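Got some structures for you, see below.
Two complexes, one shared chain (subunit A), two partners (subunit B, subunit C).
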Partner chain A sequence: MTTSVKAAIEVRALRKEFPVRDKGIFGPRGVKRAVDGLDLDVPRGRITGLLGLNGAGKTTTIKTVATLLRPTSGRVTVDGLDTVTDARAVRRRINLIAGGERMVYTRMTGRENLWYFGQLYDVPKKELRPRIDDLLALVGLTDVADTMVERYSRGMTQRLAIARGLVNRPAYLLLDEPTLGLDAPIARDLRRVVARLAEEGTGVLLTSHYLAEVEELCGHVYVISAGRHLAAGSPAELKAATGTHRTIRLTVTTPSPATAAVATRFGADLELLPTGAELITLRHPDDMAGPLAAAIVEAGGSIGGLEIAEASLEDAILALADGSREAATV
Partner chain B sequence: MPIAWATAWRTWQMTRRAYPWTYAVGTVLPAALAISLAYLGYHAIGGGTVAADFQQGSGTTAYLAYVVVGATAFQFTVRLILWSAKALITEQRQGTLGALLVAPAGRFPYLLGFTVFAVLSSLVEFLTLGLVIAALGVSVPVSSAAGALLGALALVAAVFALSVGLGGLMIAAGEAHISQNTVFIVLGLVGGFTFPRDYLPLWAQWFAELLPTTSAMDVLHGAFTGGQSLPDLLPRLGVCALLTAAYLLLGLLYLPRAEARAVERTY
Partner chain C sequence: MSHALRVFAAEALKQHRRLFGQPIVVFSMLVWPVLQLATTYYTLRPVATASPAAANWPLAADPDRLLAFLATGTLAYAFFFSLVQSAWHLSFERTTGTLELLFLSPAGRLTLMLANGAGALLQNAWLLTCFTVAALTGFGTLSVSAWWMYGIVFLALLIPAAAWGAFLNSLLVFSRDSAFLYTILDEPLWFVSGVRLPHFALPATIQVVGAVFPLTGSLIAVRGALLEHRTLAELAPTLLALLLLSATLLAAAALILRLGEARSQRTGRLGLA
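So, the complex of A and B:
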């Protein structure tokens, strides 16, 4: 048996099935396969994104890495330690921040919460005090450190939950929609913190519905669908691979059958605007704006506006998801 | 055990903020009521004497003292179960179970923290209960002080051991009410708290032997009203220690599975 011990989270052939009952509690039992043969690597010092539509299996994967769920088959290791058999050792190295869950005690103050979790992580007394102050400052809760959490706003509670996730200085940080419900400036601060932690060597696994966030932060992204691997690569590679490089929107103020024929020749979409003008939308990996505009003018059309949008990661994910849905229906 | 103390302290803080101090008085009412009813029954129906079979089963004619020991112990058992066995499901309900489970802290010191808290806070309740008992004029004989102390410790350990597995069942099923009340009824009926087990059908007596609390109660009754000395009590203490160790071991082995099940259930 050979097990390569490298400094990373390694997910290998992970499958997770949940028992489900179809009709009420006495109904027949079935299984829901949430994750189906997934492989992932989350090295230290990099933010790894995990993307997919609702129900793709992102949370299930993260909870399995976090030792909260046991794989049905396959295995997850953290620095070579198995999440089932070495759960205690794994837990020391990781922490989980889930935007959808409370994760802090409401009848305690922010400081008391961090103190208690510090105890659960066995943080030495001398280090804990200053660390709590640092964390409170980091998430901007210093002023309300001694206020009961039940008086915090949702965003404040969430920020405390983020501080809790950092109390053990985890080598790997698992982030499941960490900015869910946060105001834009606070979400931005959190992104800075995460980026800095990664620079300092923390391995981060991030899921988020804000694809701009993923694009900004992640060095490597896995796209999954129905628990299966769909694509992987850097955001730039994913965009290149899906081929939806640029979107060109060209408005023709004097549409005619000739201009429509040009659009069709380029493979663009046509849309008649309420103003009587025509909108030509062309998605193409190459920069086709020049040739398209020239052809339109040649056909006697006059151009009212030209807009070129670089594809976002969002376009790429949507294209991938569309592709997988089509593949599934074939 | 820093985790046990931290957990006890946290529970104290949260409880202090959640409940008024009168709560501690209110919780002894069931025991006070049980003792008062026994008092009424003893004097009004029994005419102040006990039947021969009671004496045979309990080793004493001091019925009221027997009931005081039993009702107090039962009250204490209930409190301990409510805190220790329900600790995890309470975390689940308040949305902190995930945060607890991803931490490396062991469940043993964590649950022990709840028991420490429950024992300390029960002392306040005992004072209140003591007033009721004194008002009724019941005096409780102590035949072995050391035996009484060991019996009390044995009961705490037994209830703790029972609570570990019970707490696991609760989070796995996502249900506390039915489980806890079933346990309370079973313990109250067959556990030898307020009446001798000789009154029970034979199968129930054997079933009671499987509960770790039963032998602890035998020690307590023996050390107070039973007129027994420490050496007399040692065999039952040994049985209690064995059953407690078995329950604890099974409970701690089962907990991780129950926790994983709990996470699966609440997504």
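So, the complex of A and C:
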């Protein structure tokens, strides 16, 4: 009888607690629960997002998958290999790139850094040199490949760190805020690289505060709060499930009590702008731009501008986070 | 095995780049140890050659042999102290973040620590070794029982030094007080290991403390083989003790690494306590 192993990262009932001392080194011991019963799957060939507000447990989850942390309970496997008992085999299949990361050796050149890490990952000798050239080209560092990293700019160093994360051609790439601090063109190039890697079969687990990035890249998103699962699905499914609203922003150049009364009737927010105009913001599931504009004109107001923003993943995450907080305070 | 060798090569490159940023490195590799040797020699010579001292320590009566004694001490000390320095530098990788990348990689932890120390040895000690051998030959103070005893001398320095390096690296990567450890392993290493004075001249308690440091045994073996015409059979007890001490240091390093990494995985902090 053979047991089939799913080609994926599987996180099951993961709980991670850190020991803490409340008052200095002699204070009472306690525990801080960073992840609480989390389940998630990262199959190959898909970019999976992990979202949540600060302190939600995203980095702890990623570090646990990366074998840098050990689960307090629960289990994490990579292609069926346990991250605790088969850590060394897991490390060959994964790599981690953290945002703002400049963790490379400054007294070595870019090429030497990649060679160094290629040796640590035991990349076959014949493959290592061409792969280093490819990676340097990928992150746009070919011209400075043989320059000491201490002469690199911050962005160049960060790009080298990204190349470092790809040196072992990982089956699973863990990206913790990978575009943090990158210039827009470089961030865009990195997104293209990540998308291409996923197309070629790499499983990617991505956390990012740039939700537009997650929306652009991720086929599936997990939303967590305080280490607990809140919701999961595609970005479109999450937006639909949270019933998030489109946002209408209407500028009234001749505000009056009558226009304010219209805004109140529609349940919109009012804000007086420095120019003397009034900004009406309405969040609503339906397209209320027409009726609102007509009512304002009927009340004697002049419309200076109208902007309609469709619901975004950010709105969905905020709605989920708000819901989670309200549930916690009930 | 081939992966381990590749880790050694990688660490050797890293150490080379760390040390050879500027040509001035020759000062720390040769000029500084030679200055220390000269200072020690000219401080010790008036006392050592005085008749009461020479009666207890006959070697001291001959200035050339005294210089050879101190030169071998300086050489062996350079081997071991280069490892203290490299361990101190490795501990900085905690703050630069590269240490986490080492732990993220599939490279064996003990292999990494050994490779880091061996890389430092390779970069640091070769120039002084060449200088010392040339100087001893020039002074005519070498007294070696067989040509292959040079190999024994090399191994008596290399194996304990590598084990010492792995032990220190393991200790310092998990220590928040690396500066403190660096300080206590500098001057005491000179003193308790008999770098400047023969081991028998030290107080009994210091001799016991010195026995814990592999430099002590290495010095006895190096001086015995190079200056005292000792044979392999005569040095066998010392070499065996050195081997045991090296094995103990490696076992301790492996244990520290296992405990340190397990604790770091549990607490999220690199530290032993």
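Descriptive notes on the structure:
Following the convention adopted for this analysis, the second predicted complex is superposed on the first by the 271 of 330 C-alpha atoms of A that agree within 3 Å, B and C clash if a C-alpha of one lies under 4 Å from a C-alpha of the other, contacts with A are read in each partner's own complex, and residues count from 1 in each chain.
We adopt the following convention: a contact is a pair of C-beta atoms (placed from the backbone, for glycine too) under 8 Å apart; a residue touches a chain by one contact, two chains touch by 3 or more.
Everything numeric here is computed off the predicted structure, so don't read it as measured data.
Steric overlap between subunit B and subunit C is present once the structures are superposed on subunit A. Contacts of A:R191 after superposition: neither subunit B nor subunit C is touched. When the two complexes are overlaid on their common chain A, residue A:T67 makes contact with subunit B and with subunit C alike. In the superposition on chain A, A:H220 contacts neither subunit B nor subunit C. When the two complexes are overlaid, the chain among subunit B and subunit C that reaches more residues of subunit A is B. Common to the subunit B and subunit C interfaces on subunit A are residues 18-19, 60, 63, 66-70, 88-89, 91-92, 95-96, 101-105, 107-108, 112, 115-117, 119-122, 164. Against subunit A, in their complex, subunit B makes its touches with residues 2-3, 6-7, 10, 13-14, 17-18, 94-96, 98-106, 110, 256, 259-260, 263-264, 267. Looking at the complex, you find that subunit C touches subunit A at residues 2-3, 6-7, 9-10, 13-14, 17-18, 21, 96-98, 100-107, 112, 262, 264-268. Remark: subunit A residues 18-19, 59-60, 63, 66-70, 87-89, 91-92, 94-96, 98, 101-108, 112, 115-117, 119-122, 148, 161, 164, 168 touch subunit B in the complex. Only residues 18-19, 60, 63, 66-70, 88-89, 91-92, 95-96, 101-105, 107-108, 112, 115-117, 119-122, 164 of subunit A touch subunit C when the two sit together in their complex.
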